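Next come two complexes, and both contain chain A; in the first it sits with chain B, in the second with chain C.
Here is the complex of A and B:
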C-alpha cells in the first residue's frame, strides 16, 4: 500500500515530469539525427562538456535549498582555478593536490559569503553580487587578465580514461556525495529545515550559522572543482573564462525544480536539469539553430517551467481547500 | 575615497542629509586630488549621465518596494531600443525627419518595456514565483530575442530630432535631465498622492496585513511591474538616443549599479521602505563618485571591486537601521 502511494506520489512529482520532458526531448533529437545523438559516444561527449557547470550546479542546489542564492560562484571558481594553475606551474603536484587546493580555496571564499549572509538580513542575491564584484575586480587587477597555460604533462595529457574520470567521473561523484549528504546526514536535514523556515529551525536548536557555513562552503568547493574541470578541459586558466556564465548554471538548478517554495529541491532533479540544458544546447546545434537563439530557448523553458509549477501548486492548494470543506 | 567610506558608517543614518554630506565630501575630496574635477565639463558629464542610471534605478526601486527585484530591466531596455531602431530605420529614410513615425517608435519602445513588466508581474503575482528567478529567466529570454534579431550586431543612425533627446539641451539644461526631472516628479506624485502608491508602500512593509485588508494583491504586483517597465522604456529611449545605437549587450554593467544606488538611497531590499528623494540623492552621490574615479584614472577593475565594497557597506549600515 505504502509502496503504491509512494509510486503515485513520484508520478505526480516535478522530477517525474522533468524526466518525461528529458526522455521526449532525447527521443525527438534521436529521431531527427537518425539515432546519432543517443550513441554512447555522443552522450559521454555531451556530459563531458557540461560536467564543469554540472558540478557547480550541485553546489548551487545546496544554497538554493537553504533559501538563498549565490551569484558569486563563478568568481570564486575563477580564483580557485587561477591559484591551482599557479600551483601546478610552479610546484607541479598531482591530481589529489589540485582537487584539494581548488576545493579548499573555493570553500574559504564561500565561508566569507556565509558569514555575510548570516550577519546581514538582506537578500543573499545582493550580498553575493557584492562579493562577486569585489572578487572579480580584485582578481582582474592582480592578474591583469593574463591567461595561464602550459601545464605539467600529468595534467596536460588527456587519455580517454583520465578525461572521463576528471569530467564525468567527478560529476557523478559529486552528485552521489550530494545525494548522500542531503538524504542520509543530519546536516542535509538541517539544510532543508533552514530553507523551509530559518526561524523555526533556529528555535529547534539548529545552528543557522553552521548550516550557512556548510552550504556556502560546499558551493564554493564545488565551484572550485568545477573550475578545475574547466581548466583541465580547456588546458588554460583565466579569470574571464567562467565569469559571466552564471545563468547557465542557475538555469540547470532552477529547471531541476528547486527553490520554487523554499526548502525544496533534489539531486535527481538537478541532474535532470543538467541533462535538459545539455540536451537543449546540443539539440539546437544538431538541428542547426543559430547559437544566438540559445539564451531565448533556455530562458523560455525556465519561464514555462515556473508557470507549470506555479499552476500545479495553485491547483493542489485549491484541491486541498475543497477536500477540507468536504470533511 | 577612504574619507567617504568611514563616515558612511557613522552618519548615514539620517538619510538624505547624510547622502548630501557624503556627496559634498566626495566632491571636496576629488577636487583636492585633482582640481580638474571642479570644471564645467565634469559637471556637465555628471548631468548627462544621471538621467539614464537614475531612471533605471527608479525602475529597480519599484519592484524592490514590494519585496522583489527586477533583473531584466537592462535586457528589456535593450530589446525595446532594438525594436525601436528597427521601426525607425524602416520608416524614416536616412537624413529625413518624420515626427509621427518617431512618436510611434517611442510608443513601441515604452510599450515593449511595459509589456515585459506586465509579463513579469503576472508570473510573479499569479504563480507566486520569486521575482528574482522570474526576472532572471526573463532576462535570458529578452537577451536571446535581442541577440537573435541583431545577430550580435549594433543598430544605429537615428534622425537628428531623435538624437536631440539624449544629446540636445534647452536653455543650457540637457534634454534628458528635463525628462528625468519630469519622470521623477510624476513618480513622487504617484507614490505620495494616489491610493496605488499608498498600497504599494503598505504591501512592501507588511504583505500579510495587506492581504487581509482586502487589497487585490495580484493587480497591485502587476501594476508595480508595469510602472517599472514604463520607466525602463523612458531610460531606453534616452540611452539609445545618447549612444545613437542599440545592441543586445549595451549597458550590461548598469544592473549592479542600479541595485547599489537603490540600497544606498535607502530602499530596503526586503521591501516596504524607500523614497524617490533618497534615490535622487544617491544617484547624485554615485555619479559624482564614478566621474571622480574616472578623472583620477583609477583602474576600472578596482572600481568594480570598490562598488562591491560600497554595496556591502551600504547594506551593513542600512540593515542596522531597519532593525
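Here is the complex of A and C:
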C-alpha cells in the first residue's frame, strides 16, 4: 500500500515530468537524426563533454538547497585548475594527487565563501559575485592570463577508458556521493533544514555555520574537480576556460527542479537537468541547426517543455487538493 | 562580536582592493622616472605601451622594439599594465605625456577608451602610432601586420590543398560578433566557393574558437553528423587546439585537416603529432619593429605616402590612417620554436 502511494506520488512529481521531457526530447532528436543521437558513442561523447559542468552543478545544488546561491564556483574552479596544472608541470604527480589537490583547493576557497555568507548576512549572490571578482582579479594579475599546457604523459595521453573514467566515471561517483549525503546522512537533513528555514533550524540546535562550511566547501570541491575534468578534456589550464559559463551550470540545477528559495531539490532532478542541457546542445549540431539560430531554439525548447511541466504539476496539485477536500 | 568580525572582514576586503590599485600606480611612477634619464642624450624617445607586460607574446613584441632601438639608435622601450586593462593604459599614457616623450606606440586594450588620451598626446605634439587597432581615433597612424583578405586566402588555399580540394569543411570563429574573425570567415567562404567548388561548408560557422573544450566537443559532434567532413578552419586561438584534441581522441590524425590561428607554443604538441596541419598568425616582433619604424619616420618629418615601405616587410597599403602590411607567419611542426612565444 505505501509502496503504491510512493509510486503514484513519484508520477506526480516534478522529477517524473522532467524525465518525460528528457525522454521525449531524446526521442524527437533520435527521429530527426535517424537514430544517430542515441548511438552509444554519441551518448558517451555527450556525457563526457558535460561531465565537468555536471559535477559543478551538483555542488551548486547543495548551495541552492541550503538557501544560498553561488556565482563564484567557476572562479574557484579556475584557481584549482591552475594550481593543479602548475603542480603537474613542476612535480609530475598522478591522478590521485591531482584529484585531491583540486578538491582541497576548491574546498578551502569554498570555506571562505561560507564564513562570509555566515557572518555578513547579506545575500549570498552579492558575496559570491564579490569573491568571484576578487579571485578572477587576483588570478588575472598573478598569471597575466597565460594558459598552461604540455602536461606529463600520464595526464596527456587519453585512451577511451581513461576518458570515460575521468569524465563520466567522476560524474557518476559525485552524483552517487551527493545522493547518499542528501538522503542518508544527518548533514543532508541539516542542509535541507537550513534551506527551509535557517532560524528554525538554528533553534533546533543545528549549527548553521557548520552547514554553510559543509555546503560551500562541497561546492568548492566539486568546482575544483569539474575544472580538473575540463583541463583533462582540453589539455589546457586557463583562468578563462570556465569563465562565462556560470549560467549554463545554474540552468542545469534550476531545470532540475530546485527551489531557488532553498529547502527543495534533488540529485535525480539535477542529473536530469544536466541531461536536458547536454541533449539540447549536442542535438543542435546533430540536427544541423545553424549556430545563428541555436540560442533561440534552445530557449524555445526549454520554455515550451517547462510550460508543459509546470501546467501538469499544477494540475496534479489541484487534483490532490480536490481529492483531499472530498475525503 | 559578530558585528566586529564582519566589519573587520569588510575592512580587509576594502584594504585589499586599495592595495591592488595602488601597487599598479607605483609601477607607473617607476617607469616615468626611467624616462627622465634617457632624455638628455638627444635621441628620440619612443615609449611602446603594450596590452599587458609579462606574457610571452609581448616579450617577443619587445624584442622587435629592442632590435629597432639598436639599429636606429633611438631610445625605444616597452611599458604597459600588469593586467590587460584599458584604464591602466590610460594612466600610463598620461604619465608618458607628462614626462615628455617624443612618440607613443600603443597596442590598445580598448580602442574607444583610449581615444581621448591619445588625442591629448597628439595635441601636445607627440607622435602616436597604434597597432592591432585599425582606424584608431586619436592616433597618427595604425599599422596592421596582416591584410585581412590576403590572410584569409592564404589559410583557405592551404586548407584546400591539404584536404585535396573536396569534401566538407567547418568554420570556427571566436564568437558570431567578433568583427575580425567573421571578416576572415566571410572571405574564406567566398574564396573556397569560387576556387574550390567541391568543398562544401557543412554548417554555418560555429562560435567555439576561444574555448578549447567547446571546440573539442563541437568537433566530435560534427564528425558524427557530416561523414564527408575533412577540414576544420578555425579563427580564435583555441579552435585548432580543441579540434586537434578531438581528432587525437578519435584516432583521426591525418584523416582531417586542421588550420587556423594558434600561439606557436600552445599548438606545438599538436603540430608535432600532425593533428594541427598549420597555424597562422603574425609575428609580434614585427609589430613592435614596425610601430617604432613608423614613429621615427614621423618624428623625422617624413611623409607616409604610397612609396612608403618598411625594410623586409613588403608593400604597405594605405587606407586613411591605417597602414596594412601583408606579413603573416605560417607556423608548422618544423618552425614553431623559432618564434619564441
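Just so we're on the same page, the second predicted complex is superposed on the first by the 289 of 327 C-alpha atoms of A that agree within 3 Å, B and C clash if a C-alpha of one lies under 4 Å from a C-alpha of the other, contacts with A are read in each partner's own complex, and residues count from 1 in each chain.
Quick note on the criterion: a residue touches a chain if its C-beta (ideal position, glycine included) is under 8 Å from a C-beta of that chain, and two chains touch if they have at least 3 such contacts.
All of these numbers come straight from a predicted model, not from anything done at the bench.
Enquirer: For A:158 in the superposed arrangement: first (chain B), second (chain C), both or neither?
Expert: A:158: touches chain C, not chain B.
Enquirer: Based on the superposed arrangement, let me know which partner A:141 touches: chain B (first), chain C (second), both, or neither?
Expert: Touch status of A:141: both partners.
Enquirer: Between chain B (first) and chain C (second), which, if any, makes contact with A:264: first, second, both or neither?
Expert: neither
Enquirer: Look at A:251 in the shared chain and tell me whether it touches chain B only, chain C only, both, or neither; answer first, second, both or neither.
Expert: Only chain B; A:251 stays clear of chain C.
Enquirer: In the superposed arrangement, which partner chain does A:120 touch: chain B (first), chain C (second), both, or neither?
Expert: In the superposition, A:120 touches chain B and chain C alike.
Enquirer: After the superposition on A, what does A:292 contact: first (chain B), second (chain C), both or neither?
Expert: Touch partners of A:292: chain B and chain C.
Enquirer: Would you check which partner chain A:130 touches, where first means chain B only, second means chain C only, and both and neither mean what they say?
Expert: both
Enquirer: Once the two structures are fitted together, what part of chain A is touched by chain B and by chain C alike?
Expert: Touching chain B and chain C on chain A: residues 116, 120-121, 130, 134, 137, 140-141, 290, 292.
Enquirer: List the residues on chain A that touch chain B in their complex, please.
Expert: Contact set of chain A toward chain B: 69, 116, 120-123, 125-127, 129-138, 140-141, 247, 250-251, 254, 259-261, 290, 292-300, 302-303, 306-307, 309-311, 313-314.
Enquirer: Which residues of chain C touch chain A in the complex?
Expert: Listed in rising order, the residues are 2, 5-6, 9-10, 13, 16-17, 20, 52-56, 82-84, 176, 203-207, 211-213, 216-218, 220-222, 224-225, 238, 241-242, 245, 248-249, 265-266, 268-269.
Enquirer: Applying the document's contact rule, which stretches of chain A touch chain C when the two form their complex?
Expert: Touching chain C from chain A are residues 33, 36, 39, 41-42, 45, 49, 52, 115-116, 119-121, 130, 134, 137, 140-141, 144-147, 149-150, 156, 158, 160, 163, 230, 233-236, 241, 282, 285-286, 288, 290-292.
Enquirer: For the complex, which residues does chain B have touching chain A?
Expert: It comes out as residues 69, 123, 126-130, 132-134, 136-145, 147-148, 151-152, 256, 259, 263, 269-270, 299, 301-309, 311-312, 315-316, 318-319, 322-323.
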